[in-house]
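Every chain is named by a letter (A, B, C, D and E) in the order it is written, and numbering of its residues begins at 1.
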Amino acid sequence: MQRIGVFVCWCGSNIAGTVDVKKVAQTLGREPGVVFSADYQYMCSQSGQDLIKDSIKQYKLTGAVICSCSPRMHENTFRKAAAAAGLNPYMVEIANIREQVSWIHKDMAAGTEKAIILGRAAIAKVHLNAPLIAGESPVTKRALVIGGGIAGIQTALDIADAGFPVDIVEKSPTIGGKMAQLDKTFPTLDCAACILTPKMVEAAQHENVRILAYSEVAEVKGFVGNFTVKIRRKARYVKEDVCTGCGLCTEKCPQKKAPDEFNLGLSNRRAIYIPFAQAVPKVATIDPDYCMMLKTGKCGVCSKVCGVKAIDYTQKDEFIEENYGAIVAATGFEPIGLDKFDEFAYSLSPDVVTSLEYERLMNAAGPTGGTLLRPSDLKHPHTIVFVQCVGSRCDEKSEKGVPYCSKVCCMYTAKHAMLTREKYPDTEVYVFYIDVRTPGKNFDEFYRRAVEQYDVHYIKGMVGKVVPENGKLKVQASDLLENRQLHIDADMVVLAAAIEPDKSARPLATMLTASMDTNDFFTEAHPKLRPVESPTAGVFLAGMCQGPKDIPETVSQASACAAKVIGLLNKDRLVGNPCVAHSDELMCNGCSQCANVCPYGAITYADKEFRMPDRTTAVRRVAQVNPAVCQGCGACTVTCPSGAMDLFGFSNNQIMAEVDAICK
Amino acid sequence: MQVRNEPWKPLIVAFCCNWCSYAGADLAGTNRLNYPADVKIIRVPCSCRVNPLFILRAFQRGADGVIVCGCHPGDCHYTSGNYYARRRMTLLFSMLDYLGIEKGRTRVEWVSAAEGQKFAETMNSFVETIVSLGENKRLEDLRCKTE
Amino acid sequence: MEQQNMREEILFTANADPKKCMKCGKCSGACPNYDKMEYHPHQFVSMVQEGNVEPLLESESLYLCLTCMVCVERCPRNVQPARFIEAVRLAKIRQQGENRLKPQDVPELIDEDTPQQLLVSAFRKYTK
Amino acid sequence: MQDRMIARAKELLENGTVDRVMGWKKGEFIYDVTPAVFYTADELEKDFVMNAFTAANVSKYLIAETKKPGRILAFLKPCDSYSFRQLMNEHRVDRDNVYIVGIPSWGKADMEKIRALGITGITDITEKDGDLLVTTVMRETHAVKKYDVYLEKCKNCKSKRIVVYDELLDGENGEDVPNNRFDEVAKIEAMPPDERFAFWRGELSRCIRCNACRNVCPACSCEKCVFDNPKSGVENKAPADDFEENLFHIIRAYHVAGRCTDCGECSRVCPQHIPLHLLNRKFIKDMNELYGDYQAGETEQVRHPVTNYRDDDAEPGIVYTRGGSGR
Amino acid sequence: MKRVNRSKLGDLFAKIAEAEALYLPVDAPEGARYEKWAPGKKLSNATNTVRSAKDFFFPQTERLYDVKRSGKTLEIEPPETETESFVLFGVRACDVRSFKILDSVFLADPVDTFYKNRRERATVVALACDRPEETCFCGAFGIDAAAPEGDVSAWFEGDFLYLKAQSEKGEALLAKLGDLLEDADEKDVETQQMRTRWMLSALPLGKVSFEGMKKTDLMDHFKNEKWRSLSEACLGCGTCTFVCPTCQCYDVKEFDDGRKIRKFRCWDSCMYSDFTLMAHGNSRNSQLERFRQRFMHKLVYHPNNHDGEFGCVGCGRCLQKCPIGMNIVKVEKALEATHE
């Protein structure tokens, strides 16, 4: 039997004005199990708390019911007070007689009666309360960043600077991501490589950063603070620690027909290659799809020319396993496929390019060496049409494109238009737009400059079709403001393709048990208040994988994300919420329905041996809840037909006791 | 349960999720929005914690109406709890209806932390419904009657 | 009929939602008979939405739409402008009541320049 | 068919595929067959039976049997196979430890329905061309159409398809059967609420809480049922009053919602002839209508409608507003 | 011996019901069941009711007392004692015999006052069987279905219901019916009796005997290997127990509604996993042990303790209702077979 103390707060006249607090205290004092009851002006004040503490000690209370304001207000205050007096904080229950009684009822008799009933319910619950001790788990002081783009690099650097080791897993042979492919960046027009490559180098040289390029996450186990991740290191066929990145092999390789991914297929590379000059790690990689040696066993040129004997045709994929305390998803984006937008003739003419391809065509390190030449005949284009919102802002029922605004297209198109006009003033540049969206520091000024200083033709309207004809691209479009249809003979058409999350994000989300929205963007724990955390504890989000954003936003989110990771890794132990689910293994039959509804993947199954009542032993599959992962929603408890799954702090019996007390 | 010679007053149990609806009820209180004292709130972490057993239990012990409140679909603190609650309650309510229990004795309402007004309105309208339905006779336990 | 009622009727016939339009103009950009038309596909959508249907009813544009459906195909918002044009056309026909054209009068009226497709689609629609 | 089954069982015992056989054992009369495990060819020859009364669903026994060493042969009827598959989905049976021979089933007879025809003093029942010839002590023979005395579950058979097996006795699988199993539910739904209430009071008040419906149910495979567990707060042994029967039967049906394969065993075994399947089918019908057609046990899908959701599910209020007369 | 024309049955029932409550089997969705007679209710033709007649003396649930709490004091409130006498009409010979078996338990020291009160208030009109079922084996326990015991024995023959008082209570009942009855000759029912006895012997279970059980030692029965296969398919439901006219185990439980605690007893079943569950745990942990308990009790312990009287009356309800077709006859045959 519990020894319960009841403490009724007046809250000045807030409660005492409509509730007869003395009567409440007296009536509840007669309830079975209640050994002490009192009322006081302000229970949350220091002296009120002292009253609680003293009573706990004096009357050897095993439980306390505070009739006061909402538990959302002062539950913690009273729990701390109880703990200070040696009572387990989870033996305290609050009856909310302010927000639910005195503030909404005017009738003293009715208010007092309801307050007594709510007090009884709390007493009934405390009778079934048991001391709860929050579980603790150690924190592995190492972070994993998945994705080596600017988001991943920035997150990793910030975490590393705080003194925690970080691994970056990048699926391509080098880090750098999409930003490495860009030419200039808006709105300042500084060159992407100039600001990115120092960061890449910094990452490579940082003592706390390990770069696992050409690698993929294969399996994730564990929970916040204690993840175990299996990483597949794909075979490069080049010893990463031996290769000096001299590049001789990439010049001698006889296979010249491999499409260069870095240039988006606008040029070819060798079968052994280094993606770009500033690649990190600067190590050659053999493309097994094109290497003659790997395909036919005949060639071996690279091996012969390599001075340091770094080539190893026998390499296999390797798996490494590492423990992490936190995981950051920074998987980035890719432009959508344009196969559903035939009207723009993307697949019909090489001169219709995506904006990202245009970046490469403008880039000094690109396929044309920085001279703007159109791909079909390598001639200088004189008329260029930019089309905005290709695949963005589409209705779901149109069954193509994506429903959201890709956010960055307006700005980079202004940039492209401006740069083109600056370098080649003889070029006519048309931009077809629906809306020009330029919120951001110096963004609209930038766009206005394109129009006002560079004479870019911004036309409100959309291109309806593009037809390649006699070396030209016949562009038919509407000009809504002039209410006319335009026909432009263009040399090039640049499509601002919508962006979508990288394809690798979905399987990764499954491994991380992190949730995703219908567009495959990672969901944040709270859209406003916890924007860089996934609902899955210990998983954080940086960059485009969470939603469209530009470089400054990505970097700030990356740093915010790093701050969250540092905050987590800084703790030696994680103290959990003890109000979590737990499975009574004697009752569980392992049917797995609970795991089906658990949003956190907190439930696993184990085969356990039981001594049966008839003195035999039997092995049975039973559910086990990881208290560090469980957030205590209780979805599993209702799914469990036998009641084997229950929730600490809100057990079946506790809630039923409250129901009973209210209904009697 | 009321003592026999008093006029009947409805008894209503409201299960409110901690993150939205309970906070919504708090806001109704803060804004001094009146609703009948017949409504008694039980705090649960999430609407998905509400077991059909709790609802039947409330009716057994003399409740005249039971209402479950949770975050709006899509806003669940635990991402999916209210979606499960929605299916469970739909099926349970349908079964109660099938057994001939009066429509409207049970209700689910989504109330966010910002919807104090909605909370009070919901409770007012629910109490009205229950008053019009009268005492719960079909799901009560005779053993709980005062003799 | 009042404009407002007419608008409702057209919306009912069209069975499409003009509010989904984000005014990108891709329909008109794609329209093959744009230059012949006084009002263009995107205008049909926005004018119906605004209830400004009188000019549309009186416009030749009604009969210049080829019903090629390219505007429907290209529309990123699934607004289906052709449905509005068709709906306005039907509204016009219903307005005419008994004054409508009889089949035997058609050959005389055929203009050399009328696109065949228009005739075919018109026959397909109105001869049942 | 009985002979072919015995022959096949003997082969499988002999070639070591299995070491025992789950089947049905002869009783005192033709109808009181008991699910049983056979270990030898002799036992099979002597007692193995397959007739118009071998209705018992043996899948639930396989929970315990597949945990034992060795491998058991199970003859599964179509409806049994759905239950077994559902148990597989719930990890309750070890598929590797059972060799399944799928057997067709063309409907089983209900002894209670034969008695209800007023035939007493039965000395023998034989099967002939879909008829049952019932002989009484007074030397009368009654020809009873098997269809007329079908068990409810057979009358409303949903499928002749065996959904999990190692081999099929006939070599061919059956197909889903068009059925009207939701008609009775719809009929009750169409009643005015007062009539519905009266109907269910009439039915449920007969409950004696013998738990046969629960204990026979393959989906009710909890280690300990909440209604048996004193700690659960709802444990009870007796139908102490009206409410208790409501509570027990609502929760029983709710706990198997999404997992119930509609095998019909609950109604078959109820000594008080309560149409319990109408509660289970109500949930199935609702789930089909609200969340899309779903047949528990049909596939390997482990998330059933109650452990799943869609963003755009109907709101619970739909219960009070959707169509149907009398609602 | 008295008789009354079948056409006057309604009057007869009305006359009985005038003075005291009358219960009799009527047709119901589940078969036949006892109901309180009211004008228009017809006696069922069924050979027997689904639930046995023991319900009248030993109901499934029975309130023992309420404990009320006011503040911190307790108050005990026993239920009101029932005083109304009643007539049970149409009880078959097997069920009548079951009362004797229940008496040997409930009326032995300490006397169960609830049970005793009800027994005293009841007048049993037993009805002879004329259409036995294949599941009947009352003869195995020396019960004559054609000449039932009871306060009044009754037969339907031809157009008449024959009634014969067998006790003081019975005499009193018939006396009350007075002019509705006419005198009759016992020979009128003899043909029917002979036919019924022949039918019972000709039915499949006509030759069943349990006497062989007594030849074997209790422990030999207990240790019999057959229990394993017999109990193997048992679902552990309580159907057999709850339809059985002689099963008399009960559990005492409480129901707490917050204001009072109601102490009540309800039927228990030895087939249930929590049967005789005690603080230390359970004395019978496997279904085998529980299954064995039921049949050992009826066929071994009961005769050992009650002058050879078996705890079964051969009504055949369990044979009809067991979901898996297991029954006491199969058990008896299997056990005897091992000792032949």
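By definition in this document, a residue touches a chain if its C-beta (ideal position, glycine included) is under 8 Å from a C-beta of that chain, and two chains touch if they have at least 3 such contacts.
All values derive from a computational prediction rather than experimental measurement.
J.: Smallest number of touch links from chain C to reach chain E?
T.: 2
J.: In terms of CA centroid distance, which chain is the most far removed from chain A?
T.: Using the mean of the C-alpha atoms as each chain's centre, the farthest one from chain A is E.
J.: Could you quickly compare A-C and A-B and let me know which has more C-beta contacts?
T.: It is A-B, judged by the count of C-beta pairs in contact.
J.: Select the chain at the greatest separation from chain B, using centres from the mean of Cα atoms.
T.: Computed centres place C farthest from chain B.
J.: Taking each chain's centre as the mean of its CA atoms, how far is chain D from chain E in angstrom?
T.: Using C-alpha averages as centres, the distance is 30 Å.
J.: Using mean C-alpha positions as chain centres, tell me how far chain C is from chain D in Å, no decimals.
T.: That pair's centroid distance is 61 Å.
J.: Averaged over CA atoms, how far is the centre of chain B from the centre of chain E? Could you give it in whole Å?
T.: Centre-to-centre distance between chain B and chain E: 46 Å.
J.: Report, in whole Å, the distance between the mean C-alpha point of chain B and the mean C-alpha point of chain D.
T.: Taking the mean C-alpha position of each chain, the two centres sit 36 Å apart.
J.: Provide the list of chain B residues touching at least two other chains, using ranges where the numbers run on.
T.: 1, 52-53, 57, 61, 80, 84, 88, 141, 143-144
J.: Going by the touch rule set out above, which residues of chain A reach two or more other chains?
T.: Correct list: 597, 639, 652, 656, 660, 663-664.
J.: If you look at chain D, which of its residues touch at least two other chains?
T.: As it turns out, chain D has residues touching two or more other chains at 224, 226, 234, 240, 306-308.
J.: What is the complete set of touching chain pairs?
T.: Going through each pair of chains, those in contact are A-B, A-C, A-D, A-E, B-D, B-E, D-E.
J.: Spell out the residues on chain D that touch chain B in their complex, using ranges where they run on.
T.: 185, 188-189, 193-201, 226, 234, 240-244, 246-247, 250-251, 253-254, 257, 279, 282-283, 286-287, 290-291, 305-311, 313-320, 327
J.: So in the complex, the part of chain B that touches chain A is made up of which residues?
T.: Those residues of chain B that touch chain A are 1, 11, 13, 18, 22-23, 25-26, 28-30, 32-35, 37, 40-46, 48-54, 57-58, 61-63, 77-81, 84, 88, 120, 144.
J.: Using the touch definition from the top, list the residues of chain D that touch chain A in their complex.
T.: Residues 67, 90-92, 220-226, 229, 231-234, 255-256, 302-303, 306-308.
J.: Where on chain A does chain C make contact in their complex?
T.: 343, 389, 391, 393-395, 397-398, 400-401, 432, 434-435, 460-465, 476-480, 483, 485
J.: List the residues on chain B that touch chain D in their complex, please.
T.: So the residues of chain B touching chain D come out as 52-53, 56-57, 59-60, 73-74, 80, 83-84, 86-104, 106-108, 138-143.
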